[in-house]
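These notes open a run of structures that come right after.
Each of the two complexes below includes subunit A, the first together with subunit B, the second together with subunit C.
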Partner chain A sequence: MFIIGERINGMFKDVAKAIKEGDKAIIQDLARQQMEAGADALDVNVGPAPEEPLRAMEWLVTTIGEVTDAPLAIDTTKFEIMESGLKLCKSKGIINSTSGDKEKLDRLLPLARKYNASIIGLTMNKSGIPQDAQSRAEIAAQIVTSAQEQGLAMSDLYIDAVILPVNVAQDHSREVLETIRQCKLLCDPPPRTILGLSNVSQKTLDRSLVNRTYLAMAVASGLDAAIVDPLDKDLMNSMITAELLMGKQIYCDNYLQAYRKK
Partner chain B sequence: MEKATEKWASKVNEVVIGATQKEGGTRSSLIKIGGATTLPFLHFEGVIPNPPAIAMEVWDIEPDDWPAVLKEPFRDTLGDPVEWAKKCVDEYGADLLCLRLASTHPDIKNNSAQDAAATVKKVLEAVSVPLIIIGCNQAEKDTEIIPAVSEAARGENCLVGIAVEANYKTITAACQSDGHSIIAESPIDINLAKQLNILISDMGFSPEKIIMHPATGALGYGLEYTYSIMERSRLAALQGDKMMSMPMVNFVGQEVWRVKEAKTSEQEVPEWGPIASRGPLWEVTTSVSYLQAGADILVMCHPKAVESVRKTIVDLMKKE
Partner chain C sequence: MFIIGERINGMFKDVAKAIKEGDKAIIQDLARQQMEAGADALDVNVGPAPEEPLRAMEWLVTTIGEVTDAPLAIDTTKFEIMESGLKLCKSKGIINSTSGDKEKLDRLLPLARKYNASIIGLTMNKSGIPQDAQSRAEIAAQIVTSAQEQGLAMSDLYIDAVILPVNVAQDHSREVLETIRQCKLLCDPPPRTILGLSNVSQKTLDRSLVNRTYLAMAVASGLDAAIVDPLDKDLMNSMITAELLMGKQIYCDNYLQAYRKK
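Entry: the complex of A and B
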């Protein structure tokens, strides 16, 4: 499982405060902790607060780059901020994200090619998030086709079937799992699949339990990557165990430890 | 026809056995194994930087259960590990030896750790090729002798063993302090193999200095069980499982020369053909099978078998 750590996001109070005060230590600690906890890449989102979001993104990317070479997922809806973030990435950048709308794909896919970045494609468009797997898969197919036309390798395309909170859109959890399965049939080699997991548990009482249970189910459906909080040890253990049960790792008594040695 | 190739994410660890003066030892050459980025001999798919190595067995006593056909090539030297080692190197062209300290076994001579250490020193002085050193394969006794043996070979970067679940702590600590690589053995069980690798590396021992022995079965005696375990191990290594990325060793000679097909005289079973070639052929066939399963080191006995497998390796390493 390719894990993208979600903690460096201005939605979190500590990160918002660090951005505001230019406190590098908080950001760098979060970067290090997430990498140590098993993240393969880090999401970077300035959040809603900063007056100068472009400068905030540049500061975050540079600050993180001082302590790790990990790939960074530049998480923004603004094209200019996306490009300035990608420019400063020390290793691979990940565009987080594009929708299935043509005008977005036409701008962001060439950007991915230009910076040799991966890109996350959400199965949604101007009309919103589809109700069922079929419609989600149709948008995924459009994204795949556009990516192929632009010459992007399927290993650089992550389809995110967009999970909604279970307390408001319960039917979606099943449909998203089905979408993950269908994405694997779109082409050969297929695109990768990803989930911004924590959305599933928004405003639920035991978020960690909902997150880790759903992650295990998604692993069983063939999920390749997830944006999660890697500092949630129970969640990481569930993911590792789910992958073990799917035969992705050879069993041994200390398999949790073995995974973390990778 | 198009060749279907696979692009693997990772590779087998590369391990060096031996240390020349430059590395603080006294060997005149080194043996490098592992490092492959593909399955055995698929040169069109990946890189195989090092050929599999063959180590010839040298015992510290005369083996009492070897058939005459196996004793014959070493006559005059049996019981004298120094002369035996020299013969392997000078006459049979060995570039790696496996010194087996069988005399320390409680049921054989129960020789002491000091005796064993002295033997190791003498052999290291007599020959300059790298050494694999193993105890008597009795877990408890090996914990007594390996620390002394390991210290006697300090700085020579030997491959020392055999560590099993029951004794790995002592053997790992010895190898760690004296700079040797280690053989980690598990009973034809991939899960236990991985677990032992974790336990050993948890002691601070570098996973890059572990060689796995998945246990060896002779042809007709469980070869295919080991074979499939080795295949799975190799696939896991190529897929990036760091706790399964170790090169593998097979003790082929030890297994082959105790099966009846290699030992029974032609007077007893005329239809099996001449004993002079039957045993060596059994050893060759077993060895070559393990090469295809992913063996990085074959520990062998009969010089004729060694010669034949050596030629096979040269052929298999040709890229065309």
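Entry: the complex of A and C
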């Protein structure tokens, strides 16, 4: 499982405060902690608050780059902020994200090629987020086709089937699992699959329980990557155990520690 | 999810001791506790120790019947003990279990009909437990065909894809999930699917973690029933949450309590 740590996001108060005050230590601690907890990459999102979001992104990417060479997922809807983030990445960048809309794909796929970045494609478009797996998979197929036309390797394309909170869109969670399965049949090699996991548990009483249960279910459905909070140890233990049970890691008694030392 | 409580089994020391000493209270407490924790039925296994296993089964079934009308899964390989247990069931009996061997099916399916019992069919035969999903599903298909010939309703047939311990047969866990999916395609209506879950975690260091993670994965694959320890609260919370995420229970904030009160 390719784990993208979600904690460096201006929606969290500590991150918003650090951006406002230019407090590098808070950001760099979060970067280090997430990597030590098993993250393979870090999401970077300035949040809704900063007065100068482009400068905030540049500062975050540079600040994180001082302590880790990890790939960074530049998480923004603004094209200019996306490019400014990608430019400053020390290693691989990840575009987070494009929808299935043609005008988005036409701008962001060439950007991925230009910066040798990966890209996350959401199974949604101007009409919204489809309810059923079939319609989600159709948007995924459009993204795959566009990516192939632009010469992007399937290993650089992550399809995100867009999980919604179970408390408001309960019928989606099953469809998203089915979409993950269907994505594996779109082409050979198939695109990778990813989930922005924490959304499933918004406003539920035990968020970690909902997150880790759904993550195990998604791993059983073939999920390759997830944007999660790697500091949630119970979540990471579930993910590692699910991968073990899918045969993606050789069993040993201390398989949890073995995974973390990888 | 149809939950069969596994705790009344002579493999557990407290149960073996209670059988030996004729201590009803221990057995009846275990019956009550499991039902209160969310079990829908109770497994009954005399274990390897008793000198008179047939009398031990009769005593267990009668003792449990004094405190609950729950369906009982008579868990024995001996035909005479099976029939003696079924005879004494106050409500529905469940035959646990038959293999896919013709001579077993020819004796146990008519027994199921005679006592209006359900039956658990293991996807194994004299040749052993197949490694891959396809071969397991072939045995399942043979069991389904025999059951249909005998006039058994598919709602009374539970196919158990036989999960082995992940520490010795790691490649099986993924195949069992795929078998569960394939069983749903065998006929319409399909047979139910069940797992003797705890076997997956034999001799692992954190059994509950392995059990609850695999159960969530199996629910995502379409599992209908499981033989588990319902007194493992973390396990039950994972199961209830997985069912919620599959849309099998309507969301409410207190969905865990709502499930238990059902």
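Definition applied: the second predicted complex is superposed on the first by the 262 of 262 C-alpha atoms of A that agree within 3 Å, B and C clash if a C-alpha of one lies under 4 Å from a C-alpha of the other, contacts with A are read in each partner's own complex, and residues count from 1 in each chain.
Just so we're on the same page, a contact is a pair of C-beta atoms (placed from the backbone, for glycine too) under 8 Å apart; a residue touches a chain by one contact, two chains touch by 3 or more.
This is a predicted model, so every value here is computed, not measured.
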{"item": "Per-residue touch tally on subunit A - higher for subunit B or for subunit C", "value": "C"}
{"item": "Subunit B versus subunit C as contact partner of A:257, first or second or both or neither", "value": "first"}
{"item": "Touched partner set for A:217, first subunit B, second subunit C, both or neither", "value": "second"}
{"item": "Which of subunit B and subunit C A:166 touches, first, second, both or neither", "value": "second"}
{"item": "Footprint overlap on subunit A, comparing subunit B with subunit C", "value": "250-251, 253-254"}
{"item": "Sites on subunit A touched by subunit B in the complex", "value": "249-254, 257-258, 261-262"}
{"item": "Subunit A-facing residues of subunit B, complex", "value": "190-195, 198-199, 201-202, 207, 232, 236, 240-244"}
{"item": "List of subunit C residues in touch with subunit A within their complex", "value": "166-167, 170-171, 173-174, 177, 200, 204-206, 209-210, 213-214, 216-221, 237-238, 241-242, 244-247, 250-251, 253-254, 256"}
